[in-house]
Amino acid sequence: MLNTYQSHSFIGCESSFDDAQIVIVGAPFDGTTSYRPGTRFAPNQIRIDSYGLETYSPYLDLDLEDYQIADIGDIEFPFGNTPKVLDAIEENISTIVDANKKPLMIGGEHLVSLPAFKALVKKYPDLHIIHFDAHTDLREHYMGEKLSHATVIRRGWDILGDDKIFQFGIRSGTKEEFEWAKSHTHLNLFDASTLESILPKLQGKPVYLTIDLDVLDPSIFSGTGTPEPGGMMMKEFLDALIMIKELNFVGADVVELSPHYDPSGVSNAVACKVIREVALLLSK
Amino acid sequence: MLNTYQSHSFIGCESSFDDAQIVIVGAPFDGTTSYRPGTRFAPNQIRIDSYGLETYSPYLDLDLEDYQIADIGDIEFPFGNTPKVLDAIEENISTIVDANKKPLMIGGEHLVSLPAFKALVKKYPDLHIIHFDAHTDLREHYMGEKLSHATVIRRGWDILGDDKIFQFGIRSGTKEEFEWAKSHTHLNLFDASTLESILPKLQGKPVYLTIDLDVLDPSIFSGTGTPEPGGMMMKEFLDALIMIKELNFVGADVVELSPHYDPSGVSNAVACKVIREVALLLSK
Amino acid sequence: MLNTYQSHSFIGCESSFDDAQIVIVGAPFDGTTSYRPGTRFAPNQIRIDSYGLETYSPYLDLDLEDYQIADIGDIEFPFGNTPKVLDAIEENISTIVDANKKPLMIGGEHLVSLPAFKALVKKYPDLHIIHFDAHTDLREHYMGEKLSHATVIRRGWDILGDDKIFQFGIRSGTKEEFEWAKSHTHLNLFDASTLESILPKLQGKPVYLTIDLDVLDPSIFSGTGTPEPGGMMMKEFLDALIMIKELNFVGADVVELSPHYDPSGVSNAVACKVIREVALLLSK
Amino acid sequence: MLNTYQSHSFIGCESSFDDAQIVIVGAPFDGTTSYRPGTRFAPNQIRIDSYGLETYSPYLDLDLEDYQIADIGDIEFPFGNTPKVLDAIEENISTIVDANKKPLMIGGEHLVSLPAFKALVKKYPDLHIIHFDAHTDLREHYMGEKLSHATVIRRGWDILGDDKIFQFGIRSGTKEEFEWAKSHTHLNLFDASTLESILPKLQGKPVYLTIDLDVLDPSIFSGTGTPEPGGMMMKEFLDALIMIKELNFVGADVVELSPHYDPSGVSNAVACKVIREVALLLSK
Amino acid sequence: MLNTYQSHSFIGCESSFDDAQIVIVGAPFDGTTSYRPGTRFAPNQIRIDSYGLETYSPYLDLDLEDYQIADIGDIEFPFGNTPKVLDAIEENISTIVDANKKPLMIGGEHLVSLPAFKALVKKYPDLHIIHFDAHTDLREHYMGEKLSHATVIRRGWDILGDDKIFQFGIRSGTKEEFEWAKSHTHLNLFDASTLESILPKLQGKPVYLTIDLDVLDPSIFSGTGTPEPGGMMMKEFLDALIMIKELNFVGADVVELSPHYDPSGVSNAVACKVIREVALLLSK
Amino acid sequence: MLNTYQSHSFIGCESSFDDAQIVIVGAPFDGTTSYRPGTRFAPNQIRIDSYGLETYSPYLDLDLEDYQIADIGDIEFPFGNTPKVLDAIEENISTIVDANKKPLMIGGEHLVSLPAFKALVKKYPDLHIIHFDAHTDLREHYMGEKLSHATVIRRGWDILGDDKIFQFGIRSGTKEEFEWAKSHTHLNLFDASTLESILPKLQGKPVYLTIDLDVLDPSIFSGTGTPEPGGMMMKEFLDALIMIKELNFVGADVVELSPHYDPSGVSNAVACKVIREVALLLSK
């Protein structure tokens, strides 16, 4: 009798699509990355390295194995054609949302969040966004293009408008972006010290959580395209996730791991741990 | 409608076990590795990186997609208990052989070949072995142990006896091993220059092909535990494989890739290409 | 008095654009790369590492310092918009060609050759191409796209037609591509053994030389997106370049170095040496 | 006259065995490592890299050169035979203890601590253990085996019983392990915030200090088999060591450095610094 | 028309020498490095990687583009002749100072600071030094040499005398160095907790800022010759720089990045960010 | 009873100095390296990695264990003072030679050969040199200095004069160096094809063998300061060593391994294997 195994889902996420409450899907796109590419390799690397992790979180005292979570693999798309890629993401996320399941997308670069915003806002017109990132991502254009990892939150604002976007950990941008943010988003410089104070504004609202992992200090997360020293430490970031555990999350993404830039594998381990915690946040 | 994909077989090897003529199975064991370990990571890395390869071989003018090949994943076993590991391998390979299919095992360290020899010889008492390697692997003991990557071919000889083992590319061993080989195996120093001349001895015999990838020069295959400069070049090795394409192969293994030691990924690509060619050799 | 230096041209290529016979220009685009990206970093890395090289070639017995060669930097283009990138390349190469200078473009991925073909064929309608590569690059479509690194030579054939393209070192492709090549290009499997025999067909013709560096064996050139073992050795490749030194080259490119994948820097050294030799071929 | 040097002891530890109060010994075993192996390379790498360190500690205001410390090299053992390895360790540590010297063992994986516990408890029946680690190591079995790096502290409890084991920095385990710990060990989640409060329980007792270096955050210690983000920072950990400096240590080990996973060498420097501080703790 | 670019100054520092208030110059010397060399590669790597940075600092709310800053490239010097190298640096820094501009030197090893001290003290006899470092650098001799990276601050004291040198973050040295410092410099062990208290002593004085980047914890700065765990965290260090922003800086240097030891590129990003902040400090 | 081991000699070279015929000594100096330094780490890395090697050579059919070979460690010298370093080497090599033993020096950069030439020529005025290298090393000056890795063979010629120096594998230099060589040395471009023909000139002469390992193609030897593609392959080089086995060698060195540039460890294995063969050549 054969005694072999072959699982390639994220650890503890082996439900079928039909049974699942939460659906993990990969979006391995890095076509507008301006500096160091490679986030396309993140979803599969994360699946493999998730087996170095336990399914139980001592932070939330919850276990992935107690929930129905599917991992449906990666969205297929062509290389070199940004609009078609974004359409494919929006279509897939919409399918998940229409089936009354919560999407948890693994990037890819940050631009993959834009079609997710679009898919979610159709169902939840009052959508709010919690955004962890080192960079403002609020440019109107970037190197001549409106669709870019550096403009993605500005494009989100085009859809959602003022007072819906809450940004944390931001420490890089142009002077203009920081100025613009003052009247359009809630922008928390450097850390998440204002997070607790804004929780009442989000209570009961449908919230999408978008985590650009470069919000973390590159000491703990070097595997990314544009490392920006001076970020949040791992414990500080885990504390922030625990703080928001009572919100009503309707979807999430975790983006910008570029695994080849961290030969030690630590960045992969960070991404796996964050995804475990986010999956458990969605399970509530 | 969801448009995602999730395949983790070796490229072009997606047959079911029942339909398959050839069965790929991983044996991620490196428990007796004396120098640099890590071959346990080879089977999964090879599956992922096989997607950088075409299914068509211009060397053999054959295509993986024209054959029924299954990839049944990895054999499960405990860490730190060598005898139990070898038993698990023998049981699994026997199951494949008993079902009249040909096994193609991906190591792991070279000791994993021993239970495969045992499983095959039960069905084919006249089993012959073609062995590509940098090292003789003919020690009687190694650091006090009889079961070791450095004794595996000697253990094979315990089973098969004289005139059944044909060794190529050998360039490292003790003086005693080289002496011993003179009366017990066919040992071709440094390369495969005698391969053509011994083909008649193997014609019509059941042949098992065991490839320790360190037979290749470390210029092209640095991702291994004990790199031994002065090996076969890639073209020279591909030529040797083409030369033996008419033999009657009943099983094979490809061992000793340690992927973490080659950050460029080239060693993974080499292993993938060799496995494609070997799968096609088995298909004849 | 200040005694500092700041040169960032390729070594020995410090002529002004107006004085130059040969113009080096970088095309740091990798937007359609399907496997491992990063060729965008090649031009600047090559400029820096060229200072580990001598300007004198003992192969051709020529010295870069004896010619007027300019290095005008990199072409500017947006990320995530392939058609605009190709237009920018064509415009820049056309400017060089119109000024009666020979372009030597440093990629970037192989698709950057297509606009160079277009710019050159306007001036030289009888353009012929010598193509060194591991891959056929003859697909009609790739992952749904007509413009891709995997289709670039097929797109070149769309412009030039039969009997104009001469391919060497090819060892990877689909069965269909190899079939198609039989009636449309000269395709030399594995090496350049037929190069000498086809020289008469190219004598006196305007020739564009496009070198995908992955034609080299990954033992010497691991820093590339899709390493394909079994390629040309460095000396074998240098011999091929010497063999074509009497042809009438009107332009050239050297593409597909992805420097981050080779932490040893050897691939950078290879690219620098090849560019030195190619610049000297153009100088004739 | 020859003016050469050849010292391969840990820096400042060049006493003879007979003169020594403290004896450093390497245990380069990683046979049950379930994820990424390589701790076998730690002892020799640590000896070499210790020469980047000063012998003086400004933390403890003590200098290695003021004490008699021997470094007797590594214990010899076979690969692939876990029970024989553990016996060899126990025999060697017993020899050190019987000579009224304090052992400071350098791992290797964490399982090497078990025979040290056994050797020490023979002399000190009231042995207590301070355990720094990311992982509980409290499983009853792991992948079918009772002897494993993931069960080592549970095996220690088999010997010592309740109220003898004090665990700090723990942040990974199964739900069952955390439950079990509640009634059998003192387990401090995430950090060492309870360390000061439990000092009175350890005052005057014979204490063995076992440090799995993965207790540190992988930002500062990436060179380990199973990196677990969210650990103790280096200063926080040094503060903990200073806090326990008045205890009666009878032996110690520092385990789980896997040097090949951190190409920067920082993890080696961390291990060296921790060993210097631990040697000075033992000297009291 | 050509549309190419070729800038190799530090980002936002493209003023001419004559127009500049601040002059960046590289000193790629690592001739006395005792452990791991390679700081010679820092200045050019920093220039390239500075393009991953914004010119605007949200810490100081200042933008490089609002100031006149020149980057004049690297000082030329021979390898293997330390005295000639130091002379070349002193001559170049003197030229900058004599032109009433402020030098910002990028090392290179720390010994390059000595000729800068000499050049500055000629113009500012009351020169004070703020020194961030992991190491005391106060040895009288090191391995038989008076001129060494390990003696550079002692040599600075030879020139300036007592009460002029303020050291922060120090955590490594011989017992003698720490003793000597007690009566000759202000030495802050481990961090910069005393920085605020000594500001009044520096108010109005001409201050030279010398930053050995290894003052940072190697978690965030692994790319250096002698990593010393337990250092300042990035935010802590940025806070220290903000704290001194009102002082009268007359020159500065940032030394000891050895880029090859950090394959992730994070150390380069740290150096770039520190240089941006220091350039803005000089601009006041 | 303790059962530990601690040997740090090159494998099989554990004779005492007094008993030895051959004396291995390290010269870890890289002070004039112009491009990528780090050869200072070679001797100790080679000693460690030699344990991946057998003591028996199937190429020469000789075993290190059959000869008396001592490894006396590394020569001590200061950093940053080239003349003192060269004096220390000359003194140590002279001591070995005066004791009627043969030195086998492990570099370090190539300049360390110069004091060895001086020490040997005192005893053997008719000294001849066989020189394997990628570079001519025949400059009169290099960056203003007469003592440099790039001038070392020219300095050797200053001592020995015409017709004493035989260079192989050379493929890089200035046009002037190649011209100069025509009348002063025997220079074999690219390979060792003329080696056999010059053997009669060396028969019976005292010969010093200096091997700059960059003579090998960087495919097999990437761990060096200035990789120069197009070099000798490993087998070709081993054949050359076998060809000269009857000559009368009076000393040798193996230089220019820079281990940090080859993370795979293959370059270390190459250096170890070459040193084994050279030690056996000296033993004749």
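In order of appearance the chains are A, B, C, D, E and F, and numbering begins at 1 in each one.
Convention: a contact is a pair of C-beta atoms (placed from the backbone, for glycine too) under 8 Å apart; a residue touches a chain by one contact, two chains touch by 3 or more.
Here the structure is a predicted model, which means the values were calculated and not measured.
The set of chains touching chain B and also touching chain C is given as A, F. Seen from the C-alpha centroid of chain A, the farthest chain centroid is that of F. Averaged C-alpha coordinates give centres for chain B and chain E that are 55 Å from one another.
One finds 38 Å separating the Cα centroids of chain A and chain E. Taken residue by residue, chain A touches two or more other chains at 36, 217, 219-220, 233, 261, 263, whereas all remaining positions touch fewer.
Interchain contacts give a graph that is no line, ring or star and is not complete, per the touch definition above. Shown are all chain pairs that touch, namely A-B, A-C, A-D, A-E, B-C, B-D, B-F, C-E, C-F, D-E, D-F, E-F. The touching residues of chain B, when paired with chain C in their complex, are 51-54, 56, 58, 63, 217, 219-220, 233-235, 238, 263-266, 269-270, 273. Here chain B touches chain F in the complex through residues 35-36, 170-175, 178, 189-190, 217-220, 222-223, 226-231, 233, 261-263, going by the rule given at the top. Remark: chain D residues 1-6, 8, 17, 25-26, 44, 48, 71-76, 88, 91-92, 95-96, 263 touch chain F in the complex. Every residue of chain E that touches chain F in the complex is listed here, in rising order: 30-34, 36-38, 40-41, 77-82, 84, 111, 142-145, 147-148, 260-261.
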